[in-house]
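Each of the next two complexes has subunit A plus one other chain: subunit B in the first, subunit C in the second.
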Partner chain A sequence: MSIIKKIAKKDLGKLLDEWSRDFTVFSPSKASGIARMEVWQGGEASFLDWYRNTVIPPKDIVLPLLEEMFSFSKSEEGYKLETPPADDSKRLIFGIRPCDARALSIIDMTYGDGYQDNYYMQRRNNTLLVGLGCTNPYDSCFCTALGGNPHDTTTMDVMLTDIGDGLLAEAVSQTGKELLQKTAELKAATEEDRTKAENVKQAAEKKISRNIETEGIAEKLRACFEDKEFWQQTAAKCVGCGICTLLCPTCYCFDISDEKTEDGGVRVRSLDSCSFSVYTKMPMENPRSEKWQRVRNRVCHKYEYYPMLFDTIACTGCGRCIRLCPVNWDITQTLNSLPG
Partner chain B sequence: MENSNQSKLIAEAKARLQKGKVQRVIGFAQGSLRFVTTPLITSDVDELEKLVINPFIANNLSNYLVGLEGKTAITAKGCDSRSIVSLIQDNKIKREDVVILGIPCTGIIDLAKIEKLTGRDRDEIEDINREGDKVTVNIGEDKKEFAAKEVLYDNCLHCDVPTPEEYDVLIGSPVNPKPEAEEVKLKELKEKLPEERWRFWQEEFSRCIRCYACRNVCPSCFCQRCFVEESQPQWLAPAPHWQDNLLFQVVRSIHLAGRCTDCGECERACPVNIPLRSLTREMYDIVDDLFDCQAGSDKDTPPLMTAYEDEEAEGLFL
Partner chain C sequence: MTIDNISHRKKFLAQDNAYLPHIAVIEKIIEETPDTLTFHFNFKDEKLKQEFTFESGQFGEYSVFGVGEATFCISSSPTRRQHLEFAVKRVGKVTNALHRLGVGAEIGFRGPFGNGFPLDKLKGKNLVFVAGGIGLAPLRSLIWNVIDNRKDYGKIDIVYGARSSADLCFKYDLEQWAKDESLKMTTTIDRDDGQWKGKTGFVPQVLEQAAPSAKDAVAVVCGPPVMIRFTFPVLEKLGFTPEQMLTTLEKKMKCGIGKCGRCNIGDIYVCRDGPVFSYAQIKDFISSEY
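Moving on, here comes the complex of A and B:
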């Protein structure tokens, strides 16, 4: 029996307060000067007025831009390694969009496959996803082309639908069910609320017009891998910055560096980008020294290699790479114009 | 910037590409998002039909000229023409390899400002029209009118070269510079106490994700190997600590002294809204005050940092 409840928008702040007693609750915020998920500070939940999606994807909460792996020091007793205290705090991401939630399941495939990345998996396993379906997708969105939709519940624990004066909350996972059952602020939903939610879902899906043909796309990419002219033309206007990768909800590559302190150092890892030439730089060789090779890699990794490895396209159509690109380099145009 | 100019631009570009005078044309085309334009780099005559001139042609396309073989025709607004000249001064491109299709410009519309003023995102707006000093924005039934100066990019408000100084053809009539408006952001920053200003930049650079878009879109950042990529010695941590992020911009600004034309591209490209132009504009003004130098204003003079005059002699060096 599915659990469906409701919260009035005016009471949303109280709901987040209630959840904040058990979780570190993250919700959309512009407090830092840019839209991202930040720790809920209490008060009125006014983000619903402007929130469509964040600039910084919520992957940031489980895979931060920068983190300390361990520190090391040398003393008379010898060398000492210290790992930072394990972060086992319970987190709840409120309002994560379906594209961004699905993106986490795509990162899970790499970070939880075979070798378990403890740093990531610990945070990931302690994070509840309370998703909010989109009623007003951007013109850069194309989730429907990739098997998603503005109200897709994949990877969610709870899914919310904006029904005007309130949000309808539906349990998706067992954890989500337990959360909804014990939350006092939530009220029972009526049949009318459910009908409203159905209409909202259908209307939202119709608003997405950007599309790509994914049928046979991996094969097409494989076939044009050596087509240097195509990739050079495609890459011509790309400036080679890291926006499309660092702000992609599925990109997970990192770099590791040691930072010296007085008596030792700290090993940190920070997100890296295959758009950078140094990403593949080796002492004698750089297999992707040219921009067109790097552009090809970004496209192929998402649409050819990931499907090969995990039977999944590593793109959820969130559209950030299109929306935030300083020169409007549009991956959907490339994918729709592959030779052959 | 009306449509007859666009037709003229297409004709001029076509003529040169068809006759083989240039190998390619670089200009603007309509982008894949509403109002947004995108660079068009093409050797295909038919593609030139896509060229546009409108109030959204924001990018500084001169960035694409470095490293190209053969001759290129390029559309250039006033600021872009200065960047082209600056690249000629720095010996990165040759004047004879570039055909400059100059576009007199009355300012480019900053969509972020329109979004802020209307409370609506770019893709929720039906239409934006500029007529003279007025910009009208249509959102559904609602029609809003703004003074152009409310919605143009900051650097456009302080532009002293609306008409390209260096060009082969001028598409349209020259535009006179408007009296300079006050640099509000910069003034406010300068009025802060040093420790307040430090906190301000600390906060701003805490958002930096080190995507290097500011560097990569900058025509003056043409180093083949940027100092941030050096590892022996390592000048900067590759990880995005705010201190390193700030240091990166400070060093970048100093490297750009005498090269930066205040085109504003770095600030436009920044995905996390760091007001980078407050640094580069300040550097631009300092260079102007100290050396009476505006980058890219004279292709026959050597770049500022390689020029030396006797009266600049300082005891330390001579």
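Moving on, here comes the complex of A and C:
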């Protein structure tokens, strides 16, 4: 039996307050000057007025831009290493968009495969996803081309639909069901609310017009791998800033480096990008020294290599790499113009 | 990669955390060439020191705390367990920091990572080892491994070269192998430098002259990319099939466990799926970025 409840928009702040008693609640915020998920501070919830999607994808809640892996200190007995205390706090991401939630399930494939990456997996397993379907997608969005849609519930615990004066809440996972059952602020939903939600979902899906043909795309990419001229043309206007990867909700590559302090230091990992030449640079050579090789790797990794490894395209069509690119580089244009 | 392979390697994770190094102590430093040192080291933890095992061809991530980590193969043989060895050419930040360390200094070690050489496929075969410069490091682990189990293998040919006599690494090994009547050792330098009394010429050419038979043989090649590129055609000419040629690839690595992304060649991660590949596999790669 599915659990469906409702919250009036004016009471949203109270709902987040209630959940904040059990979780660290993250919700859309512009407090830092850039739209991202931040810890709910209480008060009136006004983000629905402007929220379409965050600039910084919510992956940074489970995969921080910079994180300490361990610290080291030196004494007479030699080096001592210490891992930071395990972060087992319960988190809840409120309002995560379906494309960004699905992106986490894509990162899970790499970090959960073979050696489990415990830094990531622990946070991920302790994070509840309360998704909010899109009513006003950007024209750069193309989730429907990749098997998603503006109200896709993949990997969500609870899915919310904006029905005008309120949000309809549907449990997706068992954890989501338990959450909805015990939340006092949520009220019963009517049949009319459900009909409204159904209409909203259908209307949103129709708003997405950008498309790519994914059928046979890996084969096409393989066929044009050696087409240097095509890739050089494709990469011509790219400035190599790395925004498309750093703000991509599925990109997970990282660097490991040491930060020295007075009596020791810390080893940190930080988000890295295949757009940078140093990413693959060895002292004597570099397999991807040219920009076009790096652009090719980024596109092929998402649309050819990841499907070979995990049977999934490592892109959810969130459109950030199109919206936020300083030179309007457009991956859908590239994918739709592959030779052959 | 098989599950068994993973669980085997998981044995040596510090606190079940693949990113946390073990502390190791440098016991001896040998100057191989003016820019290359070999380090002998042992784990500080007595239990790990006793239990640690690895396979020839596997690698580790070595830390100089405060400077960072770098990737090197384990250059000693698993048949000689008194200590572990790795060889470092001074080329970048971490390698320079390693060169400044002395005996007794502590480093970090994560590993062993990667697949190693397929010993089961080499047993009973004639073996041809072809190496250039510091590329001998991973091969010498295998060569000693084979010598220590000599009866399991057929004929052994070693062709090793460097730019000049000063650039020859592991001279103490070269001397022993030259004296060993159970194998054929050929050492060469690129050009006559006045002090050298042995062969001169590039490794691929010298290999062609040595002309080891391809029958029941496997060739194992490691060296600078240009040497590898010219060696494969020579081996093909001598009758070796791509399946009979093995090499070990070098890529920039950070994690060593297939997560951080950078060592990919198409869908292959060299750290996790390699670093040892047959030429047949390499020819099958969907990317030419190696």
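Following the convention adopted for this analysis, the second predicted complex is superposed on the first by the 340 of 340 C-alpha atoms of A that agree within 3 Å, B and C clash if a C-alpha of one lies under 4 Å from a C-alpha of the other, contacts with A are read in each partner's own complex, and residues count from 1 in each chain.
Assume a residue touches a chain if its C-beta (ideal position, glycine included) is under 8 Å from a C-beta of that chain, and two chains touch if they have at least 3 such contacts.
These figures come from a predicted structure and were not determined experimentally.
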When subunit B and subunit C are modelled together on subunit A, clash or fit: fit
Partner chain in contact with A:143 - subunit B first, subunit C second, else both or neither: neither
Which superposed partner A:257 touches (first subunit B, second subunit C, both, neither): both
Which of subunit B and subunit C A:62 touches, first, second, both or neither: neither
Which superposed partner A:332 touches (first subunit B, second subunit C, both, neither): first
Contacts of A:240 with subunit B and subunit C, given as first, second, both or neither: first
Angle at subunit A between subunit B and subunit C, C-alpha centres, nearest 10 degrees: 90
Which superposed partner A:318 touches (first subunit B, second subunit C, both, neither): neither
Contacts of A:110 with subunit B and subunit C, given as first, second, both or neither: second
Minimum distance between Cα atoms of subunit B and subunit C in the superposition (Å): 5
Doubly contacted subunit A residues - partners subunit C and subunit B: 255, 257, 269
List of subunit A residues in touch with subunit C within their complex: 69-70, 72, 74, 78-79, 81, 83, 110-111, 113-115, 117-119, 222, 225-226, 252-258, 260, 264-265, 267, 269, 272, 274, 279-285, 287-288, 293, 297, 300-301, 304-305, 308-309
Subunit C residues within the subunit A interface of the complex: 1, 6, 10, 13-21, 23, 25, 44, 63, 65-69, 91-92, 95, 106, 108, 224-225, 250-252, 254-255, 257-267, 272, 286-290
Of all residues in subunit B, those that touch subunit A in their complex: 31-34, 36-41, 59, 63-64, 119, 121, 123-124, 203-204, 206-207, 209-213, 215-217, 229, 237-241, 265, 268-269, 271-273
In the complex with subunit B, residue positions of subunit A that touch it: 32-34, 50, 52, 55-56, 65-66, 136, 138-140, 236-237, 239-243, 246-247, 255, 257, 259, 268-271, 273, 276-278, 322-324, 326-330, 332-333
